[in-house]
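The chains carry the letters A, B, C, D, E and F, assigned in the order they are written, with residues numbered from 1 in each.
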Amino acid sequence: MPLVTIKIIEGRTIEQKRGMVKDVTEAIVKNIGCPPDAVHIDIVEMKQENLAQGGKLFCDRR
Amino acid sequence: MPLVTIKIIEGRTIEQKRGMVKDVTEAIVKNIGCPPDAVHIDIVEMKQENLAQGGKLFCDRR
Amino acid sequence: MPLVTIKIIEGRTIEQKRGMVKDVTEAIVKNIGCPPDAVHIDIVEMKQENLAQGGKLFCDRR
Amino acid sequence: MPLVTIKIIEGRTIEQKRGMVKDVTEAIVKNIGCPPDAVHIDIVEMKQENLAQGGKLFCDRR
Amino acid sequence: MPLVTIKIIEGRTIEQKRGMVKDVTEAIVKNIGCPPDAVHIDIVEMKQENLAQGGKLFCDRR
Amino acid sequence: MPLVTIKIIEGRTIEQKRGMVKDVTEAIVKNIGCPPDAVHIDIVEMKQENLAQGGKLFCDRR
């Protein structure tokens, strides 16, 4: 605890993920006051055909 | 908001997903009264070996 | 299966929920072709102070 | 209901999954008193590069 | 890791929860071979009016 | 997208939540390069009796 789930569109590099989990963990520790090791993050990568807003798949938008 | 997650068994076509997100969004807008663009949907496709009911994997059922 | 989770802001009436689960179930059955009884829905009601977009809590927006 | 989601690191065999869903279902039925068929489980397999603790990706640890 | 989420209908006693997390943890450790301390469980208690199957709220069934 | 869920133990102040969603959003924008308004966060507050590690409820630990 805290347990963080981040859903993003697939295609990020491992460097982006590495930076994101480091910075998100610091952001939580700073505000919640928990030890860094208590912060667990899982990243869920989504295909554009599995996401929709306003009733439209992302792969169909624009 | 609303944020909708739909877990389905893998193997649906993109046409099925396209129709599903359109109709589910309309169903929510009709009942909740939010703007369509506020409805976010993500679809999670599951393998039969990662689903179970009654203590049995779906790939072992029947 | 399908398993559907709908996160909404708290404060909907039971009539709104009743209509929403009926219509969302029909929308999924129509497109996926599963029996209605296979569709499980859970509704998660969120407080405005537990939701944010663009780095701002909903209770602080406007 | 109950609906159980188990997030594990990818790479388990189907035998491990088969045993896990059987035993987890029994554990829930024993304590909650529901019929076994009411217990739905979905397993989500995660890559090491999509998991982090203490601000570090699992693929970078040690 | 593993991270387990168990959604149940509200109203279980703390003794039921205590037994359930102990037994579910053992069931996972036995099959996956991870240390017990790696197993995190969160229980989500649901109201009957926030659950549906077959398009019907649980509070309306029977 | 991105959609972020943060599960924390209940009892944080609104100031802590306000700071956390601001800083987590910045952390994601910096690394992923999306517009801030694309970042949706929901906070789920958990009771100690609904969380467990190592087969023990948090309310029973120590």
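Operating definition for what follows: a contact is a pair of C-beta atoms (placed from the backbone, for glycine too) under 8 Å apart; a residue touches a chain by one contact, two chains touch by 3 or more.
Everything quoted here is computed from the prediction, not taken from an experiment.
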Handout entry: Which of A-D and A-E has more C-beta pairs touching across its chains
Key = A-D
Problem - chain B and chain C, separation of their C-alpha mean positions in angstrom - result: 12
Problem - Rounded Å distance, chain B centre to chain F centre (Cα mean) - result: 24
Fill in the blank from the handout: In whole angstrom, the CA-centroid distance of chain A from chain C equals 21
Completion exercise
Two or more other chains are touched by the chain F residues 1, 3, 7, 17, 24, 26, 40, 42, 46, 51
Exercise for the section: With chains as vertices and touches as edges, which is it: line, ring, star, complete or other? Expected result: other
Handout entry: Residue numbers on chain F that touch chain E, as the complex places them
Key = 7, 46, 49-57, 59-60
Problem - Touching residues (chain side chain E, partner chain D) in the complex - result: 1-9, 12, 16-17, 19-20, 23-24, 26-28, 30-32, 46, 51, 58
Handout entry: chain E-touching residues of chain C, taken from the complex the two chains share
Key = 14, 17-18, 21-22, 24-26, 36-37, 39-45
Completion exercise
Contacts from chain E onto chain A in the complex sit at residues 1, 3, 40, 42
